[in-house]
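Per-chain residue numbering starts at 1, and chain names A, B, C, D and E are given in the order in which the chains are listed.
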Amino acid sequence: MIYRETGNFVTDYMRDREIFPMKFDKIMVVLGLLFLYLYVPTTSEYMLSAHVIPILAVGLAVVGLNILTGITGQLSLGSAGFMCVGAFGTFNLMLRLPEWLMSLPVALMISGIFAGLVGVIFGLPAIRIKGFYLLVSTLAAQYFVWWFFNSFTYFINYEASGVVAVPPKMYDYWGIGNFLGIDMQGYSPRYILALTIVIGLTYFAKNLLRSTTGRNFMSVRDRDIAASVMGISVPKTKLLAFFISCFYCGVAGGMYSFLYIGNVDLMIYEVDRSFTILFMLIIGGLGSISGSWLGAIFVYEFPILFTWVGDVIFGGAFNTAVVENVSNMVYGVFIIALLIREPGGFAALWATTKQKLRMWPYPH
Amino acid sequence: MSKSLLKINNIEVVYNHVILALRGVTLDVEEGSIVSLLGANGSGKTTTLKACSNLVNAERGAVTKGSIEYDGKDIAKQDPFKLVKDGVVQVLEGRHCFTHLTVEENIMTGSFIREDPKQAKQDLERVYDHFERIRIRKKSLAGFISGGEQQMVAMGRALMSRPKLILLDEPSMGLAPQLVEEIFAIVKNLNKEGVSFLVAEQNAMVALKYADEGYLIENGRVILKGKAKDLLERPDVKEMYLGVGEEGQTSFRDIKYYHRRKPAFT
Amino acid sequence: MGDLLKVENVTLQFGGVKAITDISLNVKEGEVCAVIGPNGAGKSSMLNVINGVYVPQIGTVTYDGVTRKTISPREAAISGMARTFQNIALFQGMSVLENIMTGRNLFVKSNWMEQGLNIGRARTEERASRLAVEKIISFLQIESIRKTPVAKLPYGLQKRVELGRALVSEPKILLLDEPMSGMNLEEKADMSCFILEINKEQGLTTVMIEHDMGVVMDIADHVIVLDYGKKIGDGTPKEIMANQDVIDAYLGVSH
Amino acid sequence: MATIPGLVLAQKNEHPNAISLRYKHLGIWRAYSWTEYLDEISVLAGAYKSRSVGKGTVVAIYGNSIPKLIFTIAAVQSLGGIIVPIHPEATATELKKILNDSNAEILVAEDQQQVDTFHVAEADCKIKDVIYLNGRGLKDYKNANLYSFDEITKKAKPINIELEVKKLKDNDLAFYMYDEFEDAMYSISHEAITNNSKKIIKLNSLTPKDSIVSYLSLSIPTNLLFTYVTSIVSGMSLNLPESNQTIEKDLQEIGPTILYAPSFVFKHIISSISYRIEAATQANYERYNSHYDSLMKIYEKEVQGKSSLFDKIYKAYIMLVTFAPAKNVFGLTKIKHAFVSDGVLSKVTFDFFHAIGVEIQHSFGQTSSCGCISVQPDHSVSAENVGRAMEGTEIKINDKSEVLFKTDCLATPLNGGSNADSGWINSGYVGKVKDSGNLMIRGRSEDLIRLKSGKEFSPESIENLISCSPFVRSSMIIGTNQDSVSVLVVVDPSATNSWADRKNLRYTGYTELTRKTEVRDLIKEHITCLNETLEDALKIKRFVVLHRTLIMAEGEVSKTMEVKRNTIIANLNDVIVAVESNKEKFTVNDIDSLTYELNVHKI
Amino acid sequence: MGFDWVYLIEVLLGGLMSGVMYSLVAIGFVLIYKSSGIFNFAQGTMLLFASLTFVKMTENGIDFWTALFIAAGVMVIFGVAIERYMMRPLANQDLLALFMATVGLATFQEGFSQFIWDSDIHGLQMNKFLDLQLLDSAPIFVVEHIPWLDILLPKFDIFASLVAGSLIVVLAFFFQKTKTGLSLRAVSDDHMAAMAVGIPLQTVWAIVWAVTGIIALVAGLLWAERVSVSFTLIEAVMKALPVILIGGLTSIPGAIIGGLVIGVGEKLGEIYLGDAMGGQGIELWFAYFMALMFLVFRPQGMFGEKFIERV
């Protein structure tokens, strides 16, 4: 209905695979970017710290998991573990390397690579194991990583409490804060960094998916024997998916600890978080990058919204435990209902709607 | 004219709320007859059969328009197992044997709806009488027997519920010409015992040879029906389905790549 | 012309069940070779042995002058074998275009970093692959469905897309597993036409498993008949039609 | 300079980098600028020269509108040659006739299909060379006179078009066109056809920024004029679709500003709308229909100049939610001018397109007038006329109500065909000129039907009315020497199927559908309704719903889907005899050698 | 100091006993996976829900058997409801979607059980209810008659193994010998075909979920005796994951043997490798490593059906 495809013709194969083929889309993207970069940083600290930044961090992990599970079809429950590697990696890189050598953005990327390598190690069994059996490998990763950082307190600088706060100076990468006279520990600069990383990596993921690598991933997911007959190296493809996916999770973990919470805490990377991330993925829709973001936003905001609505309606008549339990119930039912209605998640809902709007007012 | 056993009235079937698999299929099966439904893969034969046995629901499909009557009753909302009880049983395309069960166990699953275990034993013998080939293999796992034998197991399994109407989907698929004839001969025998058949087939030649009536289906729509004998004689059917043109058999070697081109806006 | 493919004394078993027993066959360069036989005769297993999906217990395969016992499907693809599957093995989550594009993966040299950043080689290669794919699309006359998800296509067209995916890898030998099963006459005619054309124009050697005797007799240069793991006939279509063993075991009454 | 190659040269000089031709090939749109256009021509001209094309050589182009064939036209003409376009689906008999009549020496065929047809028709014609563009499947053909287009061009040296153009004269012959109905061949000069095109361009102020899609064969004279010639004269871009199966998508992608279409295309759109909307959900179906009704009411008020502000707002709303997207689906969003070439659309169709902002302009003309003698002006609101005579054209009606015209863009018959008589040409149509000067066409004069009562009328005008229903694909009026008028109706398969599904009818296949009482009632209602607008003598008394559609390959309809009476009378004689002998039920032996049972319905 | 053989045997036997418990949980998984291809993630919350229901009733003064009976009834109703409102609409869905639905179910159940009961930690002392000598006084069982082999074993563990063992025997009989068992095996092989021959798929599913509910109740009570009734029960299920993966998702004997292997291996690993690894709690992941090592050599598990991929 909104889309007017008339007159939209392509003269080049590259234009035929554009992420935003329509002029209308392009305008919206530019407006969206302006909004994200210019308006959002000026909103309240609360908005940024409690909503936007955590969603950016977790959403990136969902994109990462999507590459592995949604695109390549390798079920994983280890996302939190890989995030954990990213978080601890970033901390230790920043702590142990001289300041002139290491800065937060770089440390995030390098620890992402660490996480990716850990992912490859735990992905090795995927060469032999398929389907649900693979859960055991990713769960092993999750538990092993958690245990490892729990056991070897070297990595949290022997902090007795098990939680280390991030020293403020770690935020002032390349002395930009000093130079511009901004407090880089503030949420707006953190947000800008998070947003930039997220946009960059989302773009990267999107490119990957519409290229040979992405198609190889999908072919391994859809029919691995056919993929190998086409000459695609299935083991290599799976390991690459593990690497890239875990890289994303690692960066997301670093962002979560550094840009959102401000301390490095093992407890937030328990297996529950892996589940939450998988939830976000499923609700958003497997295989769709935009779906990942929708899922992340929905799942993150749902309990907050639910609690808020409960507060408004019942005025705090119930204690938090009750609200949490009811929230869980509603949430569980919602997931089942969504899977019944549209197993493809939000992304599929959106795609059908878009298709309908394209053909509107006709059914096909 | 004998009584109509199955009456399909202009049904439409949609999968997943979007994919239109059937757009208007109307079909009658008279009691004691063999009706064959002809068409290529994907033309809607299987969906028609599954709509009758109500297995479409299990594949996220739904009959969105029209009605299906069996024995005078509307069976659109009937559960598949109740239909089996009433005497409609389907033999699925590609046999679908329980591969980890033995041949005999496979056949016995068909007697689930029967209460009396003694009768089941008798029925089992009857099945073996019809399908001598599988008697000797009754202890083998169904996954390890040949395609023809699997087809027989699947049909035998269906017979166990003492059906009045068997919906037989692609019995000839992947079988040697010789075996195809054998299977259809058994169908004919069963028919003589009073079982009606609705057979979906691609192999038009053999299907029409054994059938009383034939329906041609294309793109989810029945395009032609008639007595099997008449259909075999029709020049257009001969050309399109049997590969016999006016000048006799056309060789596949002589076909030009443009043979199906159509002018614009027609 | 010499033999492009030579299978010698191959025996294949699955957990004690013999799928193929001591079969040898030769495929000459540039011919259309049809393998026929009842279900369970070991036809598909034969193809799977040839391109390395299954590893035979005994026997060797000589292809393009190299004799070997095992090969991985990937190596087979690199050496120029392409194939289609009996039960369509398209990538159901992708469009026609993307499916055929996967057939070009061996020609892609850029790495995933370049592709993710969408720079340099990645772009030129993507363009080149697309062009090759478009040529196949045009050849198979499926322009109108290039952006359709394959899962939504009717069966006959899916088979055609699968052929396209095999052809786009510019193979030396094409292995087709029942390319025409489940098709109506018109679709069979289309398919025969494409197979013959590719064979004639590019001299592509084709090994094809097929049930439809009409098609086989019309388009094959060479027919091999298997029956329950054994070879019972080998020759030109005419010879096969006259072969008493084949008539007894497979054809039933002679056509 | 008014020669086609000359105009190409002029376009190149005026805007060398503007897009001249765009075509979809291997998935993307590729374009030629006017400079490249000229380069292509000069290469091709060299090639054709090497095949000894020269002054007066007749070259047949036989195929769909594809770039190489399009370039061939100007290339051959630059050498002084004459082009005879042939419809790609032409049968061997037609082909033979055209080649013989035109004395063509070279046949440029698109691909194997055309080459094969030619080989069937080959006997005793003057073709020396057959040049094929697409060699697919032709590898094993051993015919001596068969050449690959690519090889010829590869060997040839380009020719300087500028020099060649100077040698051409405006009144040199450019085309031989075959008229399917008159079964006659016409010769058309450069001057005639380009002048005709110039008039259309001037009247509608077409500019080089416009674009048009050519999806029909150039063998259709009006298509040649409106798309090919007009694009060269005006400098606008000519767009060619990828294949026949992708036309609708390609049309949408290009989003042309100018639409040329014979009436059957509009009819196709109407049926296609109906087919789709009948399959919609109940809510959508009802909303669409109510919007449709409101739209037409508002449109009526608009025409009378009585629409209120509320109407305007409401129309804007309806357009936004229903019809603007609908236009988008059919690729009509950007259309500024839509020309209907053959006669008039029914009022309902005409009004609908006008209401949604696709301003259809009827035009009239045939081969003898190079395609066009009159065009409705822009914003015309009357469905019944075909506009006023164009500049340089005069129209008058003779005592037999035949339309005669004089024009400075005349095509001359090669042999047979209508003759110039004291400067006035008989168009072969009957009609009248209204006081406003607008021409009204009633139909072909040879098709006039005389009832027993002596009443004479044109069947086409009634057929036109009947076919305004989306459920009627085509119809043919009969009644020569009869007491009353009867009609044979062919129902539109897809729209009627869709309708029947909504009504939950039980039927098997098209033939059975046509025999359903519900379908009969649908048609009956339509005809009864229409009878009210007809004078008593012409009221339709009986109709038959035919058991099959009319077949182009059998010559029952023309290449533009018009019914060809003589063939139908021959093929379906049983039906006509039965209707005329007032039977109620009868059987027919059809051309597929099967027997069908049909009913005659009375009204 | 020489090697303490008795200690080793004690550890082994202890491992076997806890392995039986794993097996019990694993059987619940296998049943559902076999019949409907679902990897039921809600197994843990079912345990929690079942035992919480039981505990709350006994806390409110209902006697043991009545409480057990009611709790079993509740689980059956729950099972039937799951079939009706979750399984049926989701039939023939992608496996991953089904898996996620059970995760949704787990979330729901977690909220639900703690909402209608509470989130406190409840102790469960079987011996309070069961007047069994075994469980009554001595917490350990001593093999007294063989003097050189003084093996100490918790009585409760022996009791638990007996309960679990008999449950397994009953189940095995049910599936191999009854008509329902045959239909269940048919369903697990091919849903479509089962429906086509007249097996009421939904009834079979309902039975399976109900049986699983009862198994969850039994397993929940036995586990709860050791770890108390609380959120930790859910984690017990995570422990069962490697078990079923080793045993093969489709095999009940596999589940049993897998449970024993993991039980023993885990204990051995904890005691003999724990220190070497320089940290405590390697049992957190050790079972997974064992499973992983195992699977790399036998991807379909110990008894899982080898899938021959037909191409």
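We take it that contacts are C-beta pairs under 8 Å (C-beta built on N, C-alpha and C of every residue); 3 or more make two chains touch, one makes a residue touch a chain.
Quick caveat, the model's predicted, so the values are computed rather than measured.
Participant: Can you name the chain that lies farthest from subunit D, using the mean of each chain's Cα atoms as its centre?
Facilitator: E
Participant: Busiest chain-chain interface by contact pairs, anyone?
Facilitator: Top-ranked chain pair by contact count is A-E.
Participant: Round to the nearest whole Å and give the separation of the Cα centres of subunit A and subunit B.
Facilitator: 49
Participant: Centroid from C-alpha atoms only, then distance subunit B to subunit E, rounded to Å. What do you get?
Facilitator: Here the centre of subunit E sits 44 Å away from the centre of subunit B.
Participant: How far is the middle of subunit B from the middle of subunit C, if each middle is the mean of its Cα atoms, in Å?
Facilitator: So the centre of subunit B lies 29 Å away from the centre of subunit C.
Participant: In subunit B, what residues contact two or more other chains?
Facilitator: 256-257
Participant: Give me the residue numbers in subunit C that touch at least two other chains, ranges are fine.
Facilitator: Correct list: 53, 85, 89, 130-131, 141, 197.
Participant: Of all the residues in subunit E, which ones touch at least 2 other chains?
Facilitator: Answer for subunit E, listing residues that touch two or more other chains: 93, 311.
Participant: Write out the stretch or stretches of subunit C touching subunit B in their complex.
Facilitator: 17, 37-40, 141, 152, 154-156, 178, 181-190, 192-194, 196-197, 211, 213-215, 218-219, 228, 250-252
Participant: Quick check on the complex: what are the subunit B residues that touch subunit D?
Facilitator: Touching subunit D from subunit B are residues 9-10, 12, 23-24, 26-27, 65-66, 215-216, 221-225, 234-236, 256-258, 261-266.
Participant: With touch defined as at the start, can you tell me which subunit A residues reach subunit C in the complex?
Facilitator: Result: residues 12-14, 16-17, 204-205, 207-208, 211-216, 218-219, 221-223, 225-234, 240, 244, 287 of subunit A touch subunit C.
Participant: Show me the residue ranges of subunit A that touch subunit E in the complex, using the header's touch definition.
Facilitator: Contacts found on subunit A: 69, 75, 125, 128-133, 135-137, 139-140, 143-144, 146-148, 150-152, 225-226, 271, 275, 278-279, 282, 286, 321-322, 324-336, 339-340, 343.
Participant: Any idea which subunit D residues touch subunit C in the complex?
Facilitator: The touching residues are 26-27, 136-137, 139-140, 242-243, 245-246, 249.
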